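You will see two complexes here that share chain A, one where it goes with chain B and one where it goes with chain C.
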Partner chain A sequence: MTGRTRTLLSCAGIAAAGALAVFGLACPLPDAPMTGEVFAPISAAHPLGTNQLGQDNLLRTLLAAPGALAIGLAAGTAGLVASTLYGFAAAMLPPTAGRAMLRAVDILTALPNIVLAMLLATCFRPGPLFLAVILAAITWPAEVRLLAALARGQMQRDSFRTAMVYGARPLHLLRRHLLPPAGPVLAALAILGTRRAVMHASGLAFLGLTNPSSPTWGSMLAESLPLFYEPSAIWLITGPAAALSLSILGLTFLGTRLERRHIPTGEAA
Partner chain B sequence: MIVIDDLGVRHGETTVLAGVSLTLVPGRPVALVGESGAGKTSLALALMRLSPGQVHGRLHIGDEDVMAFDAGRLRRYRGGQAALVVQAVGEALNPHMRALDQVVEAMTCQGTAAASKARTRALALLAAQGIGEDTAARYPAGLSGGETQRILLAMALANDPALLILDEPTAALDPASRATALATIKEAARDRCVLFITHDFAAVREVAVETAVLYGGRLVEHGPTREVLTAPRHPYTRGLVRALPERHGGKDLQGVPGVFARPARGCLFANRCPQAVAACREMEPRLTRRACGHICGQGRDHGRDHVLACHRGGIVAAMTVRGLTKSLGGRRILDGLDLTLGCGETVVVCGQSGSGKSTLARILAGLETPDGGGVAFDDAPGRVNPGGLALAPQHPHTAIAAHFSIAEAVAEPLVCGGMGDAARREAQTAACLAAVHLPTDTAFLRRRAHSLSGGELQRVAVARALVQEPAVLVADEATSALDVSVQAKIVRLLMELQEKRGLAMLFITHDMPLARRVADRILVMDHGRLRPASGAGPAFAA
Partner chain C sequence: MVLPATQAGPPAAARAWLLAAAGRVAEYLGSLAVLAAITFFALRALPGDPLAILYGEASVQGLTPENRAILAARHGLDASLPGQFLHYAGMLCGGDLGQSARHARPVAQVIGQALPWTLLLVTSATAMALAGGLLLGIEAGMRRGRAADGIILAAVTALDSLPLFVKAILALFALCLGLALFPASGGATPFTQARGWALATDVAWHAAVPAGVLALHETTKLTFIIRALVVTVRGRPFLTVARAKGVGAVGLRSRHVAPNVMAQVTARTAAMFTELFAGSIFVETVFSYPGLGRLLYEGIFSRDYPLVQGLVLVLGAGVLTVNMAADLVIGRLTEREARG
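So, the complex of A and B:
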């Protein structure tokens, strides 16, 4: 499989996830009806059993999927855009200013960012959009150094310098000289960012720090904890836990494969 | 001594000659060169007071004012003091008289010799031209063009004139007769004033001490023959000299672009001059001995007697490099390098690998910054042909981003420079690709740079350099990956651009035959500096 097809595949994956997220958010399914048997074990009618309100566990898990993916994609992409622009600026500006920008980023990465996110979430109890903003804000510094290094690598190239001599504007340089060769790396980073954002969003929801009105896998896990006196509560955990783990695992595998393929030598960049 | 001062000739409304000032001194023959129609023959006729137009200005022979001569004095002047060998040989001799008799008559009617003496002298003069007694006895109808020419020359010398004007005296002669005629002229020029009108630059070199260049009836350059022919200062003179077929090992025939036009005002040459500025179209330049702004003389200073009429002081430097230094990896690559590249000049730089040729090219193109020194371009305001420097790089695959389409790669300088709208850029791109013999169909324009062969990509790089319409082109091994046929076409294209637009070229190559073919000068990179190549010499050198 060539780098190009791989990039296409990952783009297709992201597009599919995005479509699912947008579609799910645009036309939300009604919440699962509370008509079934309470704490029903797994059966043909309820493949993952029911909860304490008689709602189908599988249905609730699926209902939470679009939100989780949407937040992940939004936060991951926004973070990547921010770090790309920042890294490009740091590489383009005169060395002193560029170094100062990178030092600032070092300070940000040194902060325990999840704690910062918890603090912000506690204060604001964010809805999905604000949550995505918070997650993007805490994750973007992590990739800046890599992206700045990539940009600097490109800027050493004659094609880039020639374009500078031609009087190219920064936007042209970014759009035509830096982004196309960095495409595979950016795709990999987008996937990894999405994965991380999904994980962080679920963590915050689990801690009850997000707006509880929308169903999330994290809040579903948190809700099930007090019900462990009931043996069939195990099925309450299975759905969200499996969905969360599988989505994170899938994104991780995809991301690391892309990363390993493109980042280490930078020869494709 | 003949002094011509501000001489002008008008035919009705047309000014044929204007402001011609020349001093003819015995022993210093002056050659008058210039395109057909420049007014050379008009000047010759005006000096003989034979001009059909209105002549004004001053013309003195010794202390006498020729313009004030009455008919009798004029008769003695023509044929006695001044002799003209005319160009139209067919009608120059009286068809009803034997050739010998005509030479004799030239003397008897001036009263310079008695009939018998005149006959002996005429035979001697004709014999000196290789005309025997039997040929001399023929009627003009029986003489060839070359023989007629030689008889005319003998006739002109018959009265030992103080001023000898020769209008194309060698045009119809075979090499042997030509050599005889030139020897006679040289001999005759020792103690009399000679104005030698010709297109034959080899003859100019042989005979003339000074050379004056006439353009549109104005003298544009006048100086010692060697200087004018080897290091011309006026762009027109250079065009003329470059058009010579006998230039050894030089470029293919180049010439002067465009055609002569007679503008209402301004320098007459401005419409054909690649370095013209707005002022050239406003004011007519005077023939002056101005400071030497000129550079093609290989640093040689021009004599005080070398004058020219040009607002810009002759051929200007398109690029001046002074004291360039650059160290890379602790090694001094360039060490105080100086280079002056004239407008419309080709300088070839050769030298070993690693001697810093490409570093020089990259610094000039702005891809590297020098440690010291500077580069200046001709930035006179109001230039007709503006344009900066373009590099045709040695490694096009690094200079052109692999993911670029061909159309995008060629148009990038225009896009970045914000030049023209999309349609105009597209047209320019297509034109440049066609000029370097690449296809211009959509399928090719959409191909990615990485999918091209080395030769194709190199041509794309040349097209990308040309699309900028540069004033200076730095070609760093720009034809090394091309097959000889394509290379020939591209080199010819560059030479054509040089003729048309005065493109100055810095040509870096290892290919010595190619270098000798294109170069005005060949320089060798040696210890971080440029020095003239030994042996190769400037291709211009006489």
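So, the complex of A and C:
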């Protein structure tokens, strides 16, 4: 496969995931009908069997996909936007204020964020949109230092200083001078953020902390846990476990490929 | 955060370290304050009577006005919101985490009983993850670009893409139910009369799979980090010299490569505790292990808000304290190294 085909494939994958995610947010799907036989083994009609309520396992797995991707993408992008703006502000402000802002972020980064997300989710039992907000809120501080360093690097350039001398507004500087060169890095961070959000969201759903009216991979696995005495329970976990792992694996590949190409690390790979 | 290693003479270096340490302690206290604030305001943001939230709807309904006033005074509910927060912070400093509605006991007591189980899981998982991560990471790094490296990386990447609770469910299904090699739930055989070694064996037997899954989860992350560190070390002349002197493969890895990556690995191990404690929640839920995570899961389901709040505080404060202690120790070590 040449580099070009790979890029095209990656773009197609992202576009498909994005379309699926927009669809997932726009029209949440109802749960699968409870019409089949209970705990049916795999057959042509039910490729992954049915669950304790007679719902088709494969259908439920597929129904959960748009929601999972939508929450992941929404939380990943929202967190990135927040950390970009904050990092830009920390780089633009006078050094003392900027340092104070970064210290504040250190304090937030030190907190065990997934445990805090559990507390917030316990108290508010969030729907999809609010869940994305919680996930974005707990993950945005992690990238601020990198983005502030990136912004500071760009601000050393002559083009940026010239624009400053001409009296460009901060928003203009951000849009025309800082974002374009940082594009690939931001894309990599967005995908890695999405990956983390999908993982966290499925974890919260597994603990029963999300809206139970529509199926999610995490809640499907949680529902299967008390049914393990049933030998066909293996088919209850196959679908959601595979879907979850494969989507995370896909995001990992995409993210690390972009990251390796565009984010300088210690390793000369 | 890594404390700076200074190049100056001993007194100046000591002063710089003290200054950095003071900054780190201030940051630690700030984190604790933010943690307390979030736990406080999350519960206050709930609609309804705060006493009903703290003690459960059923237990508040039959209260006489006098008893209600006593409870309200205990939580400082008559004060303004900032005043209430200060009262709450005072309660926390005195070790009072409130009353668990479900267990009908002080939250601190309930947590104290479950804490040893979680510590057992987390410490044994840390040891196993360190051993596994060092073994795999050093092997992959030393053979970078060759077949073994590719296989290790592929396996670790695949494992890394399985969320922890999926790994735990698969292990439960395969090892505990399918092959029935290990017990599927609990921390020890119920009503066991065993003492001494028999009891220790029983507990280890029950902890093996949960701790193993937790360790596996962290091993994957450590392997990536250690491999990257080894890659930067492996081209250095001292390894060539050691090879020329006829040091064998094992000696090379254990006496020459491992010591050179240990400082950074130690720093990462401290950072790992956050994930280990969060991970123990999922592992203990899947294996019905009697630790803090299981308590949290039950607290979430029975809406035992004081218990959940107390657990988040204890887990959070524990993680913050470990990280701060590690930063101080590492800062001291690197400073000593830099001084020679």
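Note that in this section the second predicted complex is superposed on the first by the 243 of 269 C-alpha atoms of A that agree within 3 Å, B and C clash if a C-alpha of one lies under 4 Å from a C-alpha of the other, contacts with A are read in each partner's own complex, and residues count from 1 in each chain.
Just so it is clear, a contact is a pair of C-beta atoms (placed from the backbone, for glycine too) under 8 Å apart; a residue touches a chain by one contact, two chains touch by 3 or more.
The structure presented is a predicted model; accordingly, all values stated were derived computationally and were not measured.
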| item | value |
| --- | --- |
| First, second, both or neither for A:Ser202, with chain B first and chain C second | second |
| Partner contacting more residues of chain A (chain B vs chain C) | C |
| Partner chain in contact with A:Val81 - chain B first, chain C second, else both or neither | neither |
| Contacts of A:Leu120 with chain B and chain C, given as first, second, both or neither | second |
| Touching partner for A:Leu249 - first (chain B), second (chain C), both, neither | second |
| Which superposed partner A:His177 touches (first chain B, second chain C, both, neither) | first |
| Parts of chain A lying in touch with chain C, wherever the complex brings them together | 103, 106-108, 110-112, 114-116, 118-120, 122-124, 199, 202-203, 206-209, 218, 221, 224-225, 228, 233-234, 237, 241, 244-246, 248-249, 252, 265-269 |
| Touch list for chain C against partner chain A, complex | 1, 27-28, 30-31, 34-35, 38-39, 42-43, 45-46, 157-158, 160-166, 169-170, 172-173, 177, 228, 231-232, 274, 277-278, 281-282, 285-286, 296-297, 299-301, 303, 305, 308-309, 312, 315-316, 319-320, 323 |
| Chain A to chain B touching residues, read off their complex | 157-169, 172, 176-177, 180-181 |
| List of chain B residues in touch with chain A within their complex | 365-367, 391, 393, 395, 398-404, 408, 412-413, 415-418, 468 |
